[in-house]
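Letters A, B and C mark the chains as written, and numbering starts fresh at 1 in each.
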Amino acid sequence: MSATGVTVVQPPPAGAPTPRRVERTGSWRLSDRIGLAFAWFLGLLFCVIAASIVIYLLVQGLKYVRPGLLVTHPTVGYNENQTGGFLDPLIGTAIVAGLAMLIAVPIGVGVAVWLTEYGRPRALARVAESTIEMLAGAPSIVLALFGTLIFQSGALGFLSQETGGIVYGRSFFAAGAMLSLIALPLIVSTVREGLQAIPMHVREASYAVGKTKIATTRRVLLPAARPSVITGAMLGVGRVIGDTAIIVVLLGATQNLDGVGSTPVLGTLRGTGSTLTSYIYDNAPTGELNQPHKAFAAAFVLLIIVLVINAGVDIYSRRARRLRWS
Amino acid sequence: MELKKPPPVRQLGLEPTAEVHTPLAPPAPATTNGNGHRPDPGFVAAPRHVTRASYALDRMQIDEVSVSYGAKEAVSSVSLPIRQGEVLALIGPSGCGKTTLLRSLNRLAELGNAVTQRGQITLDGVDIGTMEPTALRRRVTMVFQQPNPFPMSIFDNVAYVLREQGKRRPRKATLREPVREALTRAGLWDEVGDNLSHPALRLSGGQQQRLCIARALAADPEVLLLDEPCSALDPQSSQVIEDLIVKLREEVAIVIVTHNLQQAYRIADHVAFMYLGELVEYGTAERIFRSPREDRTGEYVSGAFG
Amino acid sequence: MNEDAGYDEPGLTGDKRAELGLGALVAGVVCVLLAMLAFVLVQAWPSFAHNGLSWFGPGGSVDTQIQSIFTSGDLKQAPQYAIHAWPLIWSTILTTLGAVLIAFVGALFVSVFIVEFAPRQLKTVLEPVVRLLASVPSVIYGLIGVLVLVPFIGNHLISSGAKASVTPVIQLSGLSLLAAVLILSVMIAPIMIAVFCEGLRSVPRGWIEGSLALGVNRWRTFWKVAVRTARPALVAGTVLATARALGEAVMLSMVSGSVGFAPNPADGLIFFVEPSRGLAATILHSQEELTSPPMNHTLYAMAAILLFSAAMLSLIGWAVKRPMRRYFAAGVAT
């Protein structure tokens, strides 16, 4: 329907898509073009840097890692061929992560539940949020220092070595306890988010049939928030196994697991040892032992562990996201 | 198919002004045969603004335009003229393609996924596909359903277009006059003129929408597209905006998408009824609402569906 | 007490118990953390008390001072507390500020790239990569730094003439400010990118579409609307990354050198390759000497400075975000 007075422009043949002129940057201001170029440049530069870091570590790691390293204890030797593997640091990493999670997860979930579901008196809630935020920003070296303060006091001497009345203060217990503080803010915030994402009508439905708040929490909310608990725990583990400062200060400098006393598990936990991170730290050129090849191998293993945990978090949260609340 | 007689559409009373025609009596119900075809429109007319604009100048021409999202065709072979001096209303039930057609007028539709477009749209004789999109969108601006003023002050919102186009950034002093003019044209100057640094998000819904109109007018457009501008507003604000639209049509060609039939009847000069992507009927508002030629049009305007 | 009973009376008590129990847990955690803070300050006080404001000032070799503090811990001598920690503070300031500036600019543009302008395949690759880089342990960054970047700087960027010119004072070996700043910025950039991207993505689509519909081009639209709207996220990400940079001990102790030397900008280009050591790295370095009480107090004093800076950072971030909220508040003003 063409109205009068308009020049009818020949329409293109029916069925053919019209050629479009897309937005060209030619008409943009110079600063815009520079900005876009800069964004592209930095984006690609970031890709290059990330790729080179990952590739370099993989290449060097594969060059030096041998399966035997994973199961041999570190030994004293003169050159790299004689110094054994890093089984003890590997075990140490596992112990420390397990201990830290054992402490951090229950406390973290409890704090998150209280903050989301209860939260009275309001002053305590605000103070709690601020202190946990402060904890999140505290450097781990400071926490390590504080750990020495606690664990060197006589009262807690049973948790580590005691020589002639001086409490040494270094043990898996000490390291695990301080590392749990590192993981705590992560767990609290993740679980809080998970709980807050559950809409009110779920809680109201449970109250409406007469369930108490705590029963609702235990039987309805926490199972529903389980993905965020697991995600928070995995993030916490990732953070914990990557920490070196607390390990170096609180776990002592022994490469091998050096237990104290004769009780099987408790003796190890009271004793000193090392983890992959402190092993790398000691074997780097700036460390005491200076065995770069071993350091690369250990770094490779550590990176793989971190990669696996990261991938796990990704996959799990993607799966959990599919159960959306409508 | 048996069609039951639909309930009469509710009449919206307006303040009578000198220019308002007296309401017409509802038309006599058409005779129906046994099967009940040709339903009585049952449309009770409300007072209208002046129907005939003083002139109508062709600005845009839609020629056999089809828009598809992937395999699904949203708009099929529509042709319409768009004239300055009149308001064109696109009506139709949800999903009929009227919003897609509107968005193709300023080339926003092509920003979606897997969009293909056929046919031609011209602005003053020039195919808009050959224009720079940013230049086109300054001549054909759009106001959206949800008021979306930027999180800045009122002044910054209206001055946004003026600042961000062109090669050099104009100074604030030179912007005051265009901002004032745009706000006046949008009928907002009296209300906010004394405090232009007020945050735009703190205005009421109707004021925010008028601010969006002022923002669109600041670019001095030739065509103004409105996508259901009053659907998120209360009746008083809608009223104010409708008056505004009628006032603006002399200077700017206006295309409005609305699902509010009374609104279309009140303010439109020409109406295009779309259904499932096709243009079913196009004509003056009087004719479409009183004596539609197509059955489907009659059913829609009488509320039988949609 | 059956908490799942369908009637109120016993349930209420159970609920009350749970609330009190959890509240006690939270209060306990808060007390432990606050006690931590108090203890650090109490342990730090003697060092500050003995030095006053000159703790922060320059004066002599800080390494010798630390050494004499440590040896004086032997109960036979009077404890020494004198320290002028300016070189350590200066090093911390330089590495932190340098890394944050570089990382901020980089992270801003990279996140704009990722959210808006990157092709789709690149986008799906980049996001997991950012998250991975953010979780790589700092000791691995240190390892790469000391095995790749430091030799490169030492052998290729520093001329032997330059090395000879400063031999009496320090050794230019590649363990340097430059290495520290570069690696630290690569380390904290992913944190910033993650927070920035989240902020940019949460900008309502309506605003971006509204700007495009007004004829503003894509770059300008994104910059003026999205980046401006996401300013609180920019601040949050920067604060987070700066806190991380401040407290970084392990990586810096591996690449920035282990001398308490204050790099001097007046030295010209050599300034960038001078070694130094920050506060956190110093604590790590000297942690075996904690048995000596004066050393103990001095190290706690450094820790107190770090805690204080982190707290100040949070405060500054909060203060910067407040005026930004003015234009975001929806609703009718009274």
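Heads up, the rule we're going with is that a residue touches a chain if its C-beta (ideal position, glycine included) is under 8 Å from a C-beta of that chain, and two chains touch if they have at least 3 such contacts.
Fair warning: this is a prediction, and the values are worked out from it, not measured in the lab.
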| item | value |
| --- | --- |
| Farthest chain (mean CA position) relative to chain A | B |
| Which two chains share the largest set of C-beta contact pairs | A-C |
| Separation of mean Cα positions, chain C and chain B [Å, integer] | 54 |
| Rounded Å distance between chain A and chain C, as computed from the means of their C-alpha atoms | 17 |
| Chain B residues counted as touching two or more neighbouring chains | 133-135 |
| Set of chain A residues in contact with two or more other chains | 23, 27, 29 |
| Numbers and ranges of chain C residues touching at least 2 other chains | 217, 220 |
| Interfacial residue positions of chain C with respect to chain B in the complex | 204, 206-207, 209-217, 220, 224-225, 228-229, 326-333 |
| Of all residues in chain A, those that touch chain C in their complex | 23, 25, 27-29, 32, 35-36, 38-40, 42-43, 45-47, 49-50, 53-54, 56-57, 107, 110-111, 113-115, 118, 124, 127-128, 131-135, 137-142, 144-146, 148-149, 166, 184, 209-215, 217-219, 238-239, 241-245, 248-249, 253, 277, 280-281, 284-286, 292, 295-296, 299, 302-303, 306-307, 309-310, 314 |
| Chain C to chain A touching residues, read off their complex | 3-4, 6-8, 11-12, 14-15, 18-19, 22-23, 25-27, 29-30, 33-34, 36-37, 39-40, 43, 106, 109-110, 112-114, 117-118, 122, 125-126, 128-133, 135-140, 142-144, 146-148, 175, 186, 189, 193, 217-220, 223, 240, 243, 246-250, 253-255, 258, 280, 283-284, 287-288, 290-291, 299-300, 303, 306-307, 310-311, 313-314 |
| Chain C-facing residues of chain B, complex | 106, 108, 111, 133-139, 141-142, 144, 146, 148, 150-153, 160-161, 164-165, 198-204, 212, 215-216, 219 |
